[in-house]
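Letters A, B, C and D mark the chains as written, and numbering starts fresh at 1 in each.
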Amino acid sequence: MTVRVTVWNEYRQERSDPAVRTVYPDGIHDAIAAGLREHADLQVRTATLDEPDAGIPDGVLAATDVLTWWGHAAHGEVPDTVVERVHARVLDGMGLVVLHSGHHSRIFKQLMGTTCDLKWREDGRRERLWVVDPSHPIAAGLPETFVLPEEEMYGEHFDVPPPNELVLLSWFEGGEVFRSGATWRRGRGRIVYLRPGHETHPTYFDPNVRLLIANAARWAGAPGGTRPTYHHVQPVEPPG
Amino acid sequence: MTVRVTVWNEYRQERSDPAVRTVYPDGIHDAIAAGLREHADLQVRTATLDEPDAGIPDGVLAATDVLTWWGHAAHGEVPDTVVERVHARVLDGMGLVVLHSGHHSRIFKQLMGTTCDLKWREDGRRERLWVVDPSHPIAAGLPETFVLPEEEMYGEHFDVPPPNELVLLSWFEGGEVFRSGATWRRGRGRIVYLRPGHETHPTYFDPNVRLLIANAARWAGAPGGTRPTYHHVQPVEPPG
Amino acid sequence: MTVRVTVWNEYRQERSDPAVRTVYPDGIHDAIAAGLREHADLQVRTATLDEPDAGIPDGVLAATDVLTWWGHAAHGEVPDTVVERVHARVLDGMGLVVLHSGHHSRIFKQLMGTTCDLKWREDGRRERLWVVDPSHPIAAGLPETFVLPEEEMYGEHFDVPPPNELVLLSWFEGGEVFRSGATWRRGRGRIVYLRPGHETHPTYFDPNVRLLIANAARWAGAPGGTRPTYHHVQPVEPPG
Amino acid sequence: MTVRVTVWNEYRQERSDPAVRTVYPDGIHDAIAAGLREHADLQVRTATLDEPDAGIPDGVLAATDVLTWWGHAAHGEVPDTVVERVHARVLDGMGLVVLHSGHHSRIFKQLMGTTCDLKWREDGRRERLWVVDPSHPIAAGLPETFVLPEEEMYGEHFDVPPPNELVLLSWFEGGEVFRSGATWRRGRGRIVYLRPGHETHPTYFDPNVRLLIANAARWAGAPGGTRPTYHHVQPVEPPG
């Protein structure tokens, strides 16, 4: 079954910051999309903030089964209408895969209801990830542990609601730990947060990270149940 | 250990609608507070929408371990600043017990991140509640099932995040079911939703409902862990 | 992706009890298997208690992605070795879909760690089911509510661990409610419990129930993460 | 409210192994009990394997609100009858706090339904713990992170059901992480697992660990809901 993925990227630092451009010359979205395109069942398009309607007008969202979200420096520039549109679409059944610094995006904070704050440090040292739920499809094909040789550190406490499923934990050289792969349900939509992916490190070229994002897209993009009805109703069972 | 409870009520329909005033002549908050005052370890005050700062200025919130919230007709009149203040205080550790039509309050929707929609019908028929988590302190002292002879119906789907704990289910004569007692954690705060309590029924005089609210207040108002720190940090473990 | 399903049935009452044989002349397993065979991606075989190795020798289990389990009168006759073999295989990644009276099977009780007790009544009255997690793939294609005109009643409290996901609730004419569709993870395996299916009612010919079982099989049978290693290990990170 | 705690210990290695006796001359149970006795609301007794009925005859269990369990070398010597008695008592509402190597105890494995396997290494290096649920009462009074200068390492994957609540994560110098403080509900009982506490390290004299165990005992020992009834029942609602 084909899953239609839209890869959204803020796409600012790649254009303004040479250190970022060196790592992601065609944008972070391009690297993410390339990883997803390795999977024949994923049909991939990209969208960026400075396109009309932030690249995701209603028509695009309606034709999107799962949206991946990378943002960092311009969270505040995502318009209210875009946030509301994505929010409504997630509750209506679109999957959402939030990546790395997307933890502070408006859409993620609105869906979580918390600050989504965390500890961080750009030290470029090692991150080691561990699968703590080996029954989960988003861990399919991953080794039980793998290393990213250089990454930004994110440390607990991560101020999100307790995940419905916790799949990955991270260990950092500086002594921190982090819930790095986690899921939540909101309305008819499934949400995944995946920690790795700082803009100055080639994380989105890493084969394990690419597999993880593809698994997450497939998992969050699968169809769920019928749209419920709400508000005033008549009894469904007759008076006795 | 004393738990400081603030009972918040919109307090409009009791003043404007004779049918409501007949049931709750001194306001819904007064009936809820009276039930809580049966418990010596709960220290109770009330607050209503039309008081200055909606009855809950910073000083009151700072001295509140758990806030109960009843609103219905005037959710939209709760000012932004009040919603933000309560939101911040919940994330900082205050408990919140949302009652009945409070499911559509701004504060509950902001904390949940969903529409909090449901089905409803004012038929005044029977509601039967069942304890489905007999290990939970908010069910302490409750029978395994009890009846409210007349209540408004609320039916699934209830558009909230999957609860962290599901304690009560309701059965309605018209064929509906509902997750009527449930909990969530957000930041350092614990949140309880309790379904019963329509303004035209004497639900807040029912001994089981009163016990349930007292249990919920005690549970949500207990102290949790230390306030975490966030943002940029130095390593806690030295380089090897 | 093909999912290999083994449909296990005790297959005793259909042979000994004319009232059951009338409803399921070829056995409950045959009706369940027929429903699953409507789905091209499910590869279905059946197995019954009185076959050698209870129909599920190691070779069969090794070639099974998901096992469905129906038992009732002969739970105690399932040999220890079979229970242990299925238990080990679930922890190693096989899905398990436990049906109706299978709640008291040895394998389910061993995986749950609780009594799995419940209330019951063979009254043949109406059961109404509601989807309470419309994001879940095991609800795909189901209406938000549907009726089984005659079923055995199962009522709360259902003594199982709190499900990891709660998908369906049931309403019964006699006043009871039940968590009728729920999931748990154990080791690398995913477990689903589906309530409907008494031997004297034609439940396994119902299109919604058939779709539900197929969805559950597909969901529980999907591959998860790599098999973890355990016991004594060397450090994965060198001393600094 | 007083919570009656029984501190159970295998109490073998302290008598047979000088290295252990040096750290815990009066037994691990004595050190744990001493920590609990710092709290006026906890009423503490101890029990050990080689006492009659393993120190926990029915009368003791009936008068126990929460049982803490430490075992290591003699899990297999705990008699069936003792395991069954404790299991039944937990399902009936007694709290259980399982400590360190108690992860492989018969009672914990029976309640979990999984192998409870993990990775381990007796390297006596640093463990750093982080509170990841600052809303939880078992973290009350703990700093957001604390260190045990020397401990045995336990690493993921920890083969337990996904916890209902995850409170603590551990970081180890060798690169591993672990879910070190977690809770589960089974029947009317609440279960806590706390990782720290190897017999050759003075962990049970650490103030943070002592506070953690006291918090866990208080949390798991609080009363829950009424005992449910099971099996055959008459309708609770009359035919219409």
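Just so it is clear, a residue touches a chain if its C-beta (ideal position, glycine included) is under 8 Å from a C-beta of that chain, and two chains touch if they have at least 3 such contacts.
Here the structure is a predicted model, which means the values were calculated and not measured.
**Q** State which chains count as neighbours of chain A and simultaneously of chain C.
**A** The shared contacts of chain A and chain C, listed by label, come to B, D.
**Q** Measuring between mean CA coordinates, which chain is farthest from chain B?
**A** Greatest centre separation from chain B goes to chain C.
**Q** State, to the nearest whole Å, the distance from the C-alpha centre of chain A to the C-alpha centre of chain D.
**A** That gives a centre separation of 36 Å.
**Q** Taking the mean of the CA coordinates per chain, how far is chain C from chain D in Å?
**A** Averaging C-alpha atoms per chain gives centres 32 Å apart.
**Q** Can you tell me which residues of chain D touch two or more of the remaining chains?
**A** As it turns out, chain D has residues touching two or more other chains at 128, 131, 133-134, 144, 155-157, 162, 164-165, 171, 173, 175-176, 185-187, 228-229, 236-237, 239.
**Q** So in the complex, the part of chain C that touches chain D is made up of which residues?
**A** 91, 110-115, 117-121, 123, 155-157, 159, 161-162, 164, 173-176, 184-187, 228-237, 239
**Q** Can you tell me which positions in chain B touch chain C when the two form their complex?
**A** 128, 130-134, 144, 155-158, 162, 165-166, 169-172, 175-177, 179, 238-240
**Q** Spell out the residues on chain A that touch chain C in their complex, using ranges where they run on.
**A** Against chain C, the touching part of chain A is residues 93, 126, 128, 131, 133-137, 139-145, 164-165, 167, 171, 173, 185-190, 222-229, 236-237.
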